[in-house]
Amino acid sequence: MMENAIAWILIFPLFGSVACALLGMGNKKICYPIAVLSMAGSLWGGIETLRQVIASEVHTVSYIFGGWTLDKYPRGVGIEFHADILGILITLVVLGVGFIVAIYSKLPVQDETPNKEPLFYTLFLLQITGLAGICLTGDAFNLYVLIEVAALTGYGLIAMGSNRAAAATFNYVILGTIGASLYLLGVGYIYIKTGTLNMVGIQDVIVANGLADSSTMQVAFVLVGIGILIKMAFFPFHAWLPNAYCNAPTVTSSLLAPLVTKVMIYVMIRMVLSVFGVEFSFESTMWVDVMPWLVVVAIICAAVMALAQREIKRMLAYLIVAEVGYMVGGVWIYNYYGLIGSIFHVISDACMTLCLFLGAGLILRKAKTTHFDGLRGLFSKMPLTMTGFFIGGFSIIGLPPTCGFFSKWYLITGGMVSQRWEYMVVLMFSTMVMVVLFFRLIERIHLAVSESGENLGHGHGDLGLAKEQTRFDEGPLSMLIPLLLAATVVLVVGIYNQDIVNLIEIFLSEFNLPKGEGH
Amino acid sequence: MFEDGTIINELFIERLNYFIYVILLLIGLHGMIAKNNLIKKLIGMSIFQTAIILFYVSVGVKEGATIPIYLPEHDPHGSHASHGDENGTDEAVHGPVVLEAGMVKGYANPLPHVLMLTAIVVGVATLGLALALCLRIYQGYGTIEEDEILAKIERQEMRSKPSIIVKSADSSKSKTSGSDKSVSKPKVSSSTSTKRSKARPKAKAKIASTATKAKTSGAKSVSPKPKPAASKSTTTGTKKSPAKPKTAASKSTSKPKPKSRSKPKAKPPARAKATSTAKKATASKPKPRTPKK
Amino acid sequence: MGLELFNTLILLLLVVAALIALRVKDLLTASVVFAVYSFLMCLLWAEMGAVDVAFTEATVGAGISTVVMIATIFNLKRKSSD
Amino acid sequence: MKKLSLIPVLVVGALLIYAADDFPEWGSPTAPASASPLSSHFISNTGVDTEVPNMVTAVLADYRGFDTMFETVVVFIAGMAVLAILKNSSGPNSKKKNFHIETEPDIIVTNTVRLLIPVIQIFAFYVLAHGHVSPGGGFQGGVVMGASFIMIALSWDLEKALARFPMDRCFIVAGLGIVLYGGIGLLSMFLGGEFLDYAELANILPVSREMARYHAMLGVEIGVGLTVTAIMFALYANLATEGRLKGGL
């Protein structure tokens, strides 16, 4: 059982989803416990695997399905799960977010998608299966299949919302398919030159055959890269994200928003570092010269668009696009600290986005709107919710001791060391924008100031607020506790940041990354 | 490198497969991006995916090789049976042997075929899901032309805006919905929609006939967020957005509200009933509506 | 040599079929032409030695996809603007 | 604007043509893809490892069985998602069914179909079971099987097809397919191997390790076939009727 822990990570949600589909037809109520239990089981598998990874000498756990072990068969004959420290960390993030959202999901799912609970939880668990699989797999084609598993479940989950959601999902389907297909094509180009699909095997062949200058490999890199960039909603390709996430049901957006883009960034880091290799990705391609500038454009545009939004969910969606820019930039400034920052930011961004979306879900439930104008005086009504929400917000801004501060710190250090001033400036700029965004929100929610600037007090008395608006009225506990849990995680990850960074450093130590100036 | 005659020669004669696969891929990609009809986009998507499959299959081709199924002389069971009959020794029972390198050349590479089986399956799954989305979109908007859908969504959001603004007890200043929208619109589609909006006059008659449908869905998007001050609110709301024709819009949004407010979590059938009254109320009115842009 | 000619012919027909499927204004026609495209693809793959892929494409691309697409178009408007 | 969309298309096209220059020679047996240890292992050792003559089936269901499990899951997801999207969704623009003419199903069509369906279904079983030796396998067999139900729906009407294969049973069958696939994998894991290590089934089956793989592959293909059959029919039934499961084509 223990040695198969890595397989259990996927087996639990997979069988859980089928159980939801089969048993849920008779009794809808059974789906929620099944979902929570299978997520808990999966989380156990993840933690056990992390323990194994840290305990092992090479800091990786290699698990080959079907018993095609490396001692008897060539590498790549079977499909390998290759969990290094980075992979298992991101997997744990996926599972943790999935677990929290599963607890959270009870009431919103009942209310927003009535009579569809079995379908919802089936797709929900399969989404987790797909995302966790993406983080662990060591096979380039298996990655494509798992990306499609995650994508198709995502389409289904989003389209359960309104008609508007269906229209948004269609765009997502088209762009998502283009992205995944380009990735598949890129894998084909890799395969035609290397003859293998195993990620470790590809890296070995690239080094052994000196394929760095091969134009096929260059094009493969571009195709894979563009495919992943589309999937992660990097700025010019972000079109699918805001509409899809705003119109999706609450639980869907709180599951997809923290995970999908981050997991795709993880895929990019993985492709860059361990599939194509540091030398190929950074030295033989022009991406190092081009990408930081694209990142600059991306962050500025996304931040400005976020500033223009008047609705929490839509604003958060644009913030995600900006955050994607941070992380992509952290990779492509080609620096040790930048990569630490990128990886740590993947983790912390997942936590804080989760926090914000869970909070937004609660606000939507209680205030019936997420439009800015409907939020006045909410703090006195639901202080705990708002505390949780703003811990996420502070983390996005980057205030200590939240985790967002530390990840941003590493990103800025990376920019400074590699002398990418444009990246640093744009980080500062977007931090400013986020300060404006969130303090505008705080003003509205906490101080109950009307649009005209007239101070209405703390929501007491009859200063513009009706009685029922000032009553203490928190959301249901099954939703509040996950939110507070997520907020605690944001703080804990921030406080124990050094431990996580140490793990990331162990992972990065095997790559030859510049720690000093220039490249 | 492109002017080099040998390259062209090679591309057209020896690597026709690779060349055609690129052409098909581009046809499919162009269909996905530029076509206005959703079903057409899906056909483009399928062509795109098939082109990639063609590429993979081309990779697996081996000159002078047969299909990747063992010939009778290599068949683990075929040889097993014949040998077993002849001498019945122990080696014969374990018929299958590792093929030698020379024989390996005789079979096509099975791996790309396997990968493409999976890719075809993924393709049909995506197609089925996207078709379901088309149906759903048609139910909601009465069309599967992308520009018309975008226009309807825009109008709906314009209409639902007042009811959101009124959520706050006092009248807060209305905001620019236009800028929001242009920012949030999907990139791919916005390009087509701007072009289309010029060709609007032709479609105006159609809009008039479908406007009732749009209205009903507009009411639907309002109904999940009921608010006490609803009836008062619509009038303030219409005042806020000056570009909007007043009578029809305010009537249509205010009508369904009392009903939908009474049951906030009404199921679609109930909602449809509420909207049908709205349809009745506005069906007779002529619509002098022009898109804002 | 004959096989090569066959190959070339199918490849050219594929391009023609793809263009027609995307250009024709009637969606029903488009999906039927798309079935033709799939079947040509299936022939091509069978000729290239990928029998399993060809079999799958024959059942899925030319079969189920077309049926499902026509069943959907039955519930939608048949005319397309482009 | 339409011209603008040509730009990404042309960029991609230029990129692909640029790379085609570097491709290995067409159909060359020494190309990396064909000469790699992976490909030669599949060709030379499939018989020894699994005793399956059809390499594609062996690679699909055994060497890369994990992929195929998720391929089945993708099909399952498609069915569930279509149901999730279309269930209770009929809106104001649902196509009016007033053109529906009540006629008897055509006698020639129904009688032909009556003759054809048993043949088709037997052929589906043949394709599924004979996939080890000839082209075919669970997926193809499942699609053919699903097509036979669609044929019933087309020639009579959907009610008749649904009477034979009700929608909730569809999803039970689809789920069971995945349970069968995953269950075989899980069983082999409990018997001491890795997930999907079919060879371990030799501990409970009276056959050699290779033949255990052979037979487990059949079981796995049956699982795929079940899921695909059910979902293909469910896709058709839901899409033809916008999820109402009444009327339709």
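Letters are used for the chains, namely A, B, C and D, taken in the order the chains are written, and counting of residues starts over at 1 for each.
We adopt the following convention: a contact is a pair of C-beta atoms (placed from the backbone, for glycine too) under 8 Å apart; a residue touches a chain by one contact, two chains touch by 3 or more.
From a predicted model like this one, the values you see are computed outputs, not experimental measurements.
Here C-D and A-B are compared, and the pair linked by more C-beta contacts is A-B.
Each chain gets a centre from the mean of its Cα atoms; for chain A and chain C, those two points are 38 Å apart.
For this pair, chain C with chain D, the centres built from the Cα atoms lie 19 Å apart. Note on chain placement: the centre of chain B and the centre of chain D lie 22 Å apart, centres being C-alpha means.
Residues of chain D in contact with two or more other chains: 16, 18, 21, 23, 31, 33-34, 38-39, 42, 54, 56, 60, 64, 67, 71, 74, 77-78, 81-82, 85, 88, 91, 94, 135, 139, 235, 239, 242.
Looking at chain A, one finds that residues 141, 145, 148, 152, 155-156, 159, 163, 166, 191-192, 197 touch two or more other chains.
Within chain B, residues 17, 25, 29-30, 58-62, 65, 67-69, 111-115, 117-118, 121-122, 124-126, 128-129, 131-136, 138-141, 188, 217, 267 each touch two or more of the remaining chains. Working note: touching chain pairs come out as A-B, A-D, B-C, B-D, C-D. Put simply, chain D touches chain B in their complex at residues 1-2, 4-6, 8-10, 12-13, 16-18, 20-21, 23, 26-29, 31, 33-34, 38-40, 42-48, 51-56, 59-60, 64, 67-68, 71, 74-75, 77-79, 81-82, 85-86, 88-94, 133-135, 139, 210, 235, 238-239, 242-243. Chain A meets chain D in the complex at residues 4, 7, 11, 14-15, 18, 21-22, 25, 63-68, 73-74, 76-79, 113, 115-116, 119-120, 122-123, 126, 129, 133, 139, 141-142, 145-146, 148-149, 152-153, 155-157, 159-160, 163, 166, 189, 191-197, 201, 205, 209, 214-216, 218-220, 222-223. Residue ranges on chain B touching chain A, taken from their complex, read 25, 29, 32, 38, 41, 45, 48-49, 52, 55-56, 59, 111-112, 115, 118-119, 122, 125-126, 129-130, 132-134, 136-137, 139-141, 149, 153, 156, 164-165, 167-170, 172-173, 175, 179-180, 183-189, 217, 220-221, 225-227, 265, 267.
For chain D in complex with chain C, the residues that touch the partner chain are 54, 56-57, 60, 94-95, 127, 135-137, 139-140, 143-144, 146-147, 150, 154, 232, 235-236, 239-242, 248-249. Those residues of chain B whose C-beta lies close enough to touch chain D in the complex are 1-2, 7, 11, 14-15, 17-19, 22, 25-26, 29-30, 33-34, 58-65, 67-70, 74-78, 96-101, 103-105, 107, 109-115, 117-118, 121-122, 124-126, 128-129, 131-133, 135-136, 138-142, 188, 191-192, 194-195, 213, 216-217, 267-268, 272, 275-276, 279.
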